[in-house]
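Below, each structure is written out as C-alpha cells.
Here come two complexes built around subunit A, the first alongside subunit B, the second alongside subunit C.
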Partner chain A sequence: MTKSQRDIIIFTAFGLAVMITPLLLRGNYLLNVFVFIGINTMLAVALNLLLGFAGQISLGHAAFFGLGAYISGILTTRYAFDPWMAMVAAALCVGVIAFIIGFPILKLKGHYLAMATLGFGIIVYIIFNETVDWTGGPSGMSGIPNLSLGPIIFDSYMTNYYLIWVFTLLTMLLSVNLANSRIGRALRAIHDSEVAARVMGVNVRLLKVQIFTVSALISALAGSLYAHTMTFIAPASFGFNFSVELVTMVIIGGLGSIYGSFLGAAILTLLPEFLRVFHDFDIVIYGLLLIVMTIFMPGGLIGGFEALAAAINRRKEA
Partner chain B sequence: MLSLQRITKTFGGVTALEDISFNVESGAITGVIGPNGAGKTTLFNIATGLYSQDTGDVYLGGQNISRLPPERLARLGMIRTFQNVELFGQMTVLENVMVGLHTKSKSGIFSCAFKLPGQIREEKTIHRRALKWLEYTGITDLAGMTAGSLPFGKGRLLEIARALASEPRIILMDEPAAGLNSRETMGLAGLIKKIRTSGITIVLVEHDMELVMDVCDTVVVLNLGHKLAEGTPRDIQENPEVIAAYLGDG
Partner chain C sequence: MENSDQIIQYLLSGLSNGSIYALIGFGFAIIYNATGIINFAQGEFVMLGGMLTIFFLNVFRLPLITAIALAVGVSTAIGIVFERLAIRPLKNASPLSLVIITIGASILIRGAAMLVWGKDTHALPPFSGNDPLYLMGATMLPQNLWIFALTAVIIIASKLFFHYTIFGKAMRACAFNSQAASLVGISVKTMVLLSFMISSAIGSLAGIIIAPLTMTSYDMGIMLGLKGFCAAIIGGMSSGLGTVIGGLLLGILESLGAGLISSGYKDAIAFIILLIILFLRPEGVFGKKETERV
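Showing the complex of A and B:
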C-alpha cells in the first residue's frame, strides 16, 4: 500500500466518522460542541500549515479569524451582501492583508516573529473594540444572516454541523495533499534548515509569505462561517487568549500532523466544558498543558501515538 | 565555467579576502586549499550568494551572478554542499533528495493542494528521479530513514545526492572529506571522479591533501586572504611558498 493510498483510506474513514457522528449524538448541546470542534479544527489546521510545516510562529491568528467574521458581518448587515459573497470577499480581503503584512513580518525570526504577530493581533483586537460604528464595539454585532443553499437554510445545530464540517474536511484534505507535495516538502525543508532550502532553490521568503497568506485565508473563512452560524460576534472571541489557544491546539496535537490538529482542537474545545469550575484560570491550565506536552511529548499526541505504535511493533518482532 | 574576479571581503576591519581572482575550467575538478583562516569558506559563501563581497564580481558561464541570492543560483545550475552537512533532519532520506528536485519541478500551492493531474505526474517524476540519485550515491537502502539519524558519512553522501538531484552544471563542495574516515574518503574520491565523468564541473574546498592531490586537476592555494599559488597538484606540491605557508616560515 503506497502512502497516498493510505492517506485516502484514513481520510475516507475520518470523513465517514464525522458524517455519522451527529446521528449518534443526543441533544443540541453536544452537537453545538462538535460544531465548535469543527471550526477550531479548521483554524488549527490552518495554523499548522504555518507553524508545523514552515516552522513560523503566529500569535495573531485569532485576528485573521476575527477579520473574516467581522468583514462577513459588516458586509451582510450593512451592505446587504449575500452571505456567500461576503464570505468570498472576507477571505480575499484577509488574504491580501496577510500577503502585504507577510513580507515585512516574516523577515523576522523566532521571538521577534512571535512579538510582531502578537502586536498585529492586539492592534486588530483594539480595532474591533474601538470602531463602534462598524463593529458594535465590545458589546458585539448581532443579526448576521445565516448561509443558505437553495431550500436549505443553515440555521439549526444539525445543518450547521454539516456546513462547518464540509469546509473543515475540505481544509484537511487539501492540507494533507499539500503536505505530501513539492510545496509541503519545501516548507518542511525551511523548518529544518533555511540556508540549505535556499541553496536547493527554494524561494524561502516568498514561500513563507504564500503559506502565511493561505493560512490567514483559511482562518478568515472559518471566521465567516463562525459569524454566519452563530449570527452574533463580539471581540472577546478574537483576542490574544484565543491565539494562544490555537497554538496550544497545534502543539498538543502534533506539529505538522493534520489529524493531530483535529485532536488538539477537540481536546481544547472539550476541556473548558470540564474545567468550568476553574473559570478564569483556564489559560493557566493551557500553559501547564503546553509545558507538560513539550517536555514529555514533543511530537504532540500524534507523535506520541506513533512512538507507542513503533514500540509495540518492535516488541512484536522481538 | 565559474570565474571570480578581484573579490575583496572585509568583516569589520578584518580583511578576509583580498583581490582574489581565478577561473574554474568547465568539466574539471578545481581544489581550493589553504591553512585555517585562509578564507576558503568565505570565498565559497560569496560564490554561492550567501555573503556579498565588498568589491569584485562572480561570473557563471559568462553571466554576472555577483548579487544573486542562492535560490536563483540553484536555478542557474550552481549548487553547493556544506562543511557541517546541512540536511533536512526531520525529513526522510528520500524526501531530502526530492527537495533537491525543487528547481526541476514547478507545481504551486494551488495545484499541490488540489492534486491537479499535472502535479500528480510531476510528483511521480520527482519520486523516480530521487530514487535514481539515491542509487547513484549508493544509499538506496536508507531511503526511509530520517535524515537526522544518519551517521555522518552517510549524511555527506545524502547531501551530495540531494545536490546532484538538481542536475547542476557546477557543484561546490565545502570540505567534503571533513569528518570522514579513510575508507569513506576513498569512496568519496571515487564518487567525485564519477560525478566529473558525467560532465559536471566540481570545486572543492578541502583540508585532506591526499584527496586534493588525487582528484583535482587544478589547485588554488589561499593564505591569509591572498591567493598564494595556482597550478596542477604537482606544481603546488613543489611550490616553496606553499610549503612555507603550510609548514611555517622557519
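Showing the complex of A and C:
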C-alpha cells in the first residue's frame, strides 16, 4: 500500500466517522460543541499549513478569522449581500490583504515574525472595537443571516454541524493533498533550511507569501461560516488570546500533522467545557500545556503516539 | 487651556509613560543579548511588580518601601524559577519553541495572578501625595517625578553595572560571543540566569512605579510588555541609550496621537510604529546593520 493510498483510506474513515457522529450524539449541547470543534479544526489546519509545514509562526491568525466574520457580517446586514456571495467576497478581500502584508511580514524571522504578526492582530482587534459605526464596537454585531441552500436553511444545530464539517473536511483534504505535493515538499524544505531550499530552486519568498495567503483565506472562510452560523459576533472572539489558542491547538496536536490539528482543536474546545467546574482555570492549564508539551513532547500528541507505536514495534521484534 | 499648554501636557504624560516603556524595553534587551530569546513573558513581571506591592501593602500592612522590596524580590524569584524550569531544559531549541514557551509562561503567570487576585483593578497609593505641581501651564503629579527619577537611577545603575562590575562585563562578553566567553571561564549558564533575574527585577520595578498612575490588574502586562518590546526594537535591542530614546519617543508619539487624533486608537499607534520599523529597519533605528549567519 502506497502512502497516498493509505492517506485516502484514513481520510475516508475520518470523513465517515464525522458524518455518523451527530446520529450518535444526544442533545443539542454536544452537537453545538462539535460545531465549534469543526470551526476550530478548520482554523488549526489552516494555521498548521503555515506553522507546521512552512515553519512560520503567526500570532495574529485570529485577525483573519475576525476579518472574515466582520466582512461577511457587514456585507449581509448593511448591503443586503447574499450570504454565499458575502463569504466569497470576504475570503477574497482577506486573501488580498494577506498577500499584500505577507511580503514585508514574512521577510522577518523567528521572534520578529511573531511580534509583527502579533502587532497586526492587535491593530485589527482595535479597529474592530473602534469602528463602532461599522462593527457595533465592543458590544458586537447581531442579526447576521444564516446561509441557505435551496430549501435547506442552515439554522439548526444539526444543519450547522454538516455545513461546518463539509468545509472542514474539504480544508483537511486540501492539506493532505498539499502535504504530498511538490509544494508540500518545498514548504518542508523551507521549514528545515531556507537557504538549502533556495539552493534547490524553491522560490522561498513567494512560496511563503502564498501559503500565508492560503492560510489566511481559509481562516477568513471559517470566520464567515462562524458569523453566519452564530448570527452574532463580537471583537472578544478575535483577540490575541484566540490567536494564542490556535497556536496551542497546532502545537498540542503536533506540528505538520493534519489529524493532530483536529486533535488539538478538539481538546482545546472540549477542555473549557470539562473545566467549567473549575471556572477560570482553563487559561492556567493552556499555559502549562504549552510549556510541558514544548519541553517533553515537541512532536505533539501525534508525534508522541508515533514514538510510542515505534517503541512497541521494537519490543515486538526483540 | 491653550493649545500649547495642552501639547506640553501631552509631552509630559508621554515622557512618563515612555520612561516605563524604556525600562520594560531594557528587560527585553538584557535577556535578548544574553540568550537570543525574546521573552514574551516580560510584561507579566511588570504586572507582578504592581500586584505584589499592593498585596503586601494591603494584606500584611507593610510599609510601602518594604512592600516594594518584597515585591521586587518575589518577582525576581519567579524569574529564576521560570529560567530554571522552562528555559534551561530546552537546549538548542528553535526560535519557534522558545516563542511558544515564553508565551506559555506568560499565560501561566497571568492566569495564576487572576486566580490569586481576581479580575478587579487595584490601585497603589502614590509614593508622595496627590497634590499636582504646575509646570509651564501643565500639571504634573509627584508620581511623574518619581517615575523620571527612578527611571534615571535604574538606567544609570545598569550602565555602571554592565561596564564596571565583573558580572556586568561577563554578561556583555556572553552577549558578544557566548562560546568565547565560556572559553575564558565565564559560566554562561549563570549569566543567563542573571539576565533573567535582572530583567524581572527591572520589569517589576517599572510596574511598581507606574501602578499609582494607571491602576493595576492581572492583564495589564500584555500591552505594557508589547510596548516595551516596541521601545527595544526602536533602540535596536541594545540595553543602552537607544532603548531609552525608543521608549520616550514611543511614549510621546502615543500621547500626542491619543490627544490630537483619537484616544481609542492610542494602543494601535505603538503597533503601527512597531510594524513600520520591523518592515523598514528591523535592526532598529539606533541599531547597527548585521549580516545574517546561516
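Going forward, the second predicted complex is superposed on the first by the 313 of 318 C-alpha atoms of A that agree within 3 Å, B and C clash if a C-alpha of one lies under 4 Å from a C-alpha of the other, contacts with A are read in each partner's own complex, and residues count from 1 in each chain.
By definition in this document, contacts are C-beta pairs under 8 Å (C-beta built on N, C-alpha and C of every residue); 3 or more make two chains touch, one makes a residue touch a chain.
Just so it is clear, the structure is predicted and the values come from calculations on it, not from any experiment.
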First, second, both or neither for A:Leu67, with subunit B first and subunit C second: neither
Subunit B versus subunit C as contact partner of A:Pro298, first or second or both or neither: second
First, second, both or neither for A:Asn177, with subunit B first and subunit C second: first
Comparison of subunit B and subunit C by subunit A residues contacted: C
Subunit B versus subunit C as contact partner of A:Leu268, first or second or both or neither: neither
Touched partner set for A:Ile123, first subunit B, second subunit C, both or neither: second
Partner chain in contact with A:Val195 - subunit B first, subunit C second, else both or neither: both
First (subunit B), second (subunit C), both or neither touched by A:Ala86: neither
Intersection of the subunit A residues that touch subunit B with those that touch subunit C: 195
Complex contact set, residues of subunit C against subunit A: 37-38, 40, 85-86, 89-90, 93, 95-101, 103-112, 114-115, 222, 226, 229, 233, 262, 264-265, 267-268, 271-272, 274-275, 278-279, 282, 294
Interface residues, subunit A side, partner subunit B - complex: 174-175, 177-178, 181-186, 188-189, 191-193, 195-204, 210-211, 214
Subunit A partner contacts - residues on subunit B that touch it in the complex: 48, 50, 69-71, 73-75, 79-80, 82, 86-91, 95, 98-103, 105, 107-109, 112-115, 119, 122-123, 126, 162, 166
In the complex with subunit C, residue positions of subunit A that touch it: 51, 55, 57, 59, 104-105, 107-112, 114-116, 118-120, 122-123, 126-127, 129-130, 195, 240, 244, 247, 251, 280-281, 283-284, 286-291, 294-295, 298
